[in-house]
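Naming follows writing order (A, B, C and D), and every chain is counted from residue 1.
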Amino acid sequence: MPARENNNNKRLEVKLGRLKLKNPVMTASGTAGYGAELAEFFDLSKLGAIVLKGISLTPWQGNPTPRITETRCGMINSIGLQNVGLDAFLREKLPFVRQWDVPVIANILGTSAAEYTRLASALEEAGVDGIELNVSCPNVKEGGIAFGLDLKSFASLVRAVRARVKKPVLIVKLSPGAPGIEEFSRAAEGEGADAISLINTIPAMAIDVNTRRPLIKNRIGGLSGPAIKPIAVRMVYQASKAVKIPVIGMGGITTGEDAVEFMLAGATAVAVGTATFMDPMAVLKVVQGIGAWMERHGIKKASSITGAMLT
Amino acid sequence: MPARENNNNKRLEVKLGRLKLKNPVMTASGTAGYGAELAEFFDLSKLGAIVLKGISLTPWQGNPTPRITETRCGMINSIGLQNVGLDAFLREKLPFVRQWDVPVIANILGTSAAEYTRLASALEEAGVDGIELNVSCPNVKEGGIAFGLDLKSFASLVRAVRARVKKPVLIVKLSPGAPGIEEFSRAAEGEGADAISLINTIPAMAIDVNTRRPLIKNRIGGLSGPAIKPIAVRMVYQASKAVKIPVIGMGGITTGEDAVEFMLAGATAVAVGTATFMDPMAVLKVVQGIGAWMERHGIKKASSITGAMLT
Amino acid sequence: MGFSAPDIALPKAEPGQFFMFGVKNCEKDPLLKRPFCYFRRRGNTLEILYRVVGKMTSIMKGLRPGDEVEVLGPLGNVYPMAQAVCKTPLVIAGGVGIASVYPLIERFKGSAILFYGGRSKKEILLRKELRAISKKLVVATDDGSMGFKGTAVDAARDFLNGRNPDDFVLYSCGPNGMLKAASALGIQGYIASEEKMACGIGVCLGCAVKTKEGYKRACKDGPVFKTGEIIFD
Amino acid sequence: MGFSAPDIALPKAEPGQFFMFGVKNCEKDPLLKRPFCYFRRRGNTLEILYRVVGKMTSIMKGLRPGDEVEVLGPLGNVYPMAQAVCKTPLVIAGGVGIASVYPLIERFKGSAILFYGGRSKKEILLRKELRAISKKLVVATDDGSMGFKGTAVDAARDFLNGRNPDDFVLYSCGPNGMLKAASALGIQGYIASEEKMACGIGVCLGCAVKTKEGYKRACKDGPVFKTGEIIFD
């Protein structure tokens, strides 16, 4: 029934500022590469948006291994923002993912406001649909985390990038360690961000008691997955109470019901990260799961789930 | 073999300031009541110390139900520091737990420095072996969390209590949301704390997508259990690098190996919380598990595990 | 479901008590044990009766003979039965609350009157056994698909019409709404609360029940409380 | 362990490839699938060979016929076999690395020389089958409890003494130490890395292998790499 499908599609539509998404589900940066691998598993145009692996001006080689370890209902990673750098990205990666009818959101990181603005300008020119400022990567000293933890430099970074970015929607990804999630959310809104996204991974550590060595070579990495979901839902709730711009929620989503939980808490859209490692089809299953939940609950528009928690 | 047992006991000994513990394992405040219930399951004198449920000057009735919900590898609680208050504690609860040959550590909370110092004075007089300042309960506005998040009021609180407390060891329990775990640790040390303990539960939320209601009546509660262990290990590592006083590690410990992990990261002692809900004998099993690990690894003294992570 | 322990004598459980129940092998998710009422004992096997509603009960459904489980108990207090000597026990149960009152009705050896409610026919279990062990069984379903159409409390109210409430002693277990309504029938007696539990042994204070004397613990001070003791809001 | 899928044709796997393997029913702990080499196929059943070392493998051990599992694959690249037409395949395997080279040796139909090492006799599996499918099998154990006392690479070095390395093509799978030593034998060929993996499909960048051209992904760019390509530190 193509008509029904079409109808369903409309029902799932949400908006991030000027950007319309077919459905509220996107990939979480760093968990879908630049799109090529997932494209072997499903049609990328079924996604609300695809958020690409973080990119920096020059290539970064990343951290030594082991870079990942599983923990109880979660995992720690310290990839270290390994990426091909802006030039190779524009030349080799972006053209590929733009073949699909899906909004492309670039995730950027830098060591100074100047780097962020140069990245943002180049990406706007290249025609990406959205830019996500990663000011919260715990895995490299240079990963912008300084911006993520200090309100003043955070606000001035958002201001500087906003001044350069006209067409793509500007998403600011908050650090879960931000002292005062509400204040940082309001600062991002005040400086003109179109949306905020949270949460990034939470700094964490695990030690192998047999070898007595850290399970992550870099010692500290970022915790993601179902273990952090309750923390993420709480932060999304707090952030969405604090601002009027849309909030993109993420952290441990593995099913449509998890996504609905974030939306009830106040998220307009959601991103799926670690779940893709558990199952390459996870993002798509989350889209379907939201649809199924809406059907069960007689809800006509996905956008009406946002903040609809009863109390 | 009583001789061997004795020997084993000595091997497990650790010190918190002036206070000697038979072994590094204590109950986590709020997860062992005032001792009576666990005493039905095992001999309390087998513990390193017993840390009692937090007490305030006057009785607190606690939060409405539901107060608990399970999450992935963790749980959220919002008990709301329900407690009998200082007077009933001194009259009815303390005498009972003091029957055992085990150090008794009281956990206190207040809404002002004056309340904390009054509690501390009364407890010192009553002869407790240690006092743990809870400045980090996320579940009540009055739970001292303001002290836990602001460095200045935190330091002055520790100073005020320290000035009153002579005999019992003074333990300061940090908030996992403290902006800068190192600074707070150093402040506690600088103001004369004998030890710091961490982590308390992490503010979190979960929503039932069927009823669309929060699974905790108070909406936000505190996350504990194995899910948070990697975050706790990281914080213990950071805190123990920052200070010379002993660190008591907790957060998701369910086995002796978990305890060893915290000790390798830098903890001198550990506390077991949520695991007691999974199995009333959990604390004791952790003691035994540390011993078994030491045997396997040919380690003679538990105190030598502290900070012994290889890199 | 039944379970037995080959090496140890099974503990003696009394009506009203419960067990904390966990499965092995599934690491830390589900994390906590779950409470289930003492249902009955058959030889060396203790039985519980459960409904599949979520994580743990789904796993329990997949268990096979020989699988290991973790059981803590019996826990909690017991339905007082002294009054039932001179009064008629009037039992009101809803849903799987029937598991809690089943051993009680057995003890009353045919003297209990049971009002047993569920949403529909499908939810009404053990009808034959219940009829055999009680003096009178009234089934009530919300949708009228079996017996009285309405709640078990409605059915009990009809029955009491014209009778003296003082001739009866109430025993009730079921959802909070039912306990509240049953308490309002004007019969003295006992109700068993089923608050969510984390520890089951009285240390977490998670299972708080609001009573006239402040919060009490369903697991340690209950699960059985006197009618009128609990404040329903 | 073998698994089959009743409804779909099993995919064709090649030597060197692997599957990501998960169990059902255990909720989110363990969270991630685990990688296991394509070992062999028997009728409509794909087989993997595994050692019990931790969470997932312990659960796998408890699986019973009929239990559902989740399998993704085959994934990764394949041992190139062209050179083995004019050269003799010299295979060095350590521990469960034998699973990876087993189907390769089968393919070589009796032309491969296998050096197979383990800590002790207990770790040496499938000796009969291996002897049957390879031209020559040399077992090496660290403690000398079976065959050559020393590592499989030591045994291979002894064997090569006086022979021309260019007559051989190397295939090796085992712990990093073995791969490093094997690469230093001076024989061109292929080694299969077993870095820890989260996704197995190339998106997490967790399984990074340091190569002359920077980090590569063991799961997508490998697991098979040319000798000399990987930088061991």
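Rule of thumb we're sticking to: a residue touches a chain if its C-beta (ideal position, glycine included) is under 8 Å from a C-beta of that chain, and two chains touch if they have at least 3 such contacts.
Keep in mind that what you see is a predicted model, and the values were worked out from it rather than measured.
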item: Where chain A and chain C overlap in contact partners, by chain label; value: B, D
item: Chain at maximum distance from chain C, centres defined as averaged CA atoms; value: D
item: Separation of chain C from chain D, taking each centre as the mean of its C-alpha atoms, in whole Å; value: 56
item: Intercentroid distance (Cα basis), chain C paired with chain B, Å; value: 36
item: Distance between chain centroids, defined by C-alpha means - chain B, chain D (Å); value: 46
item: Junction residues of chain D, two or more chains touched; value: 27-30, 55
item: Chain B residues counted as touching two or more neighbouring chains; value: 72-74, 226
item: Category of the chain touch graph - line, ring, star, complete, other; value: complete
item: Touch list for chain B against partner chain D, complex; value: 72-73
item: Interface residues, chain D side, partner chain A - complex; value: 22, 28-33, 55, 70, 72, 195-199, 201-210, 214-215, 220
item: Chain C - residues contacting chain D, complex; value: 25-30, 55, 59, 62, 64
item: Of all residues in chain B, those that touch chain C in their complex; value: 30-33, 37-38, 40-41, 53, 61-62, 64-70, 72-75, 77, 79, 82, 225-226, 254, 274, 276-280
item: Interfacial residue positions of chain D with respect to chain B in the complex; value: 27-29
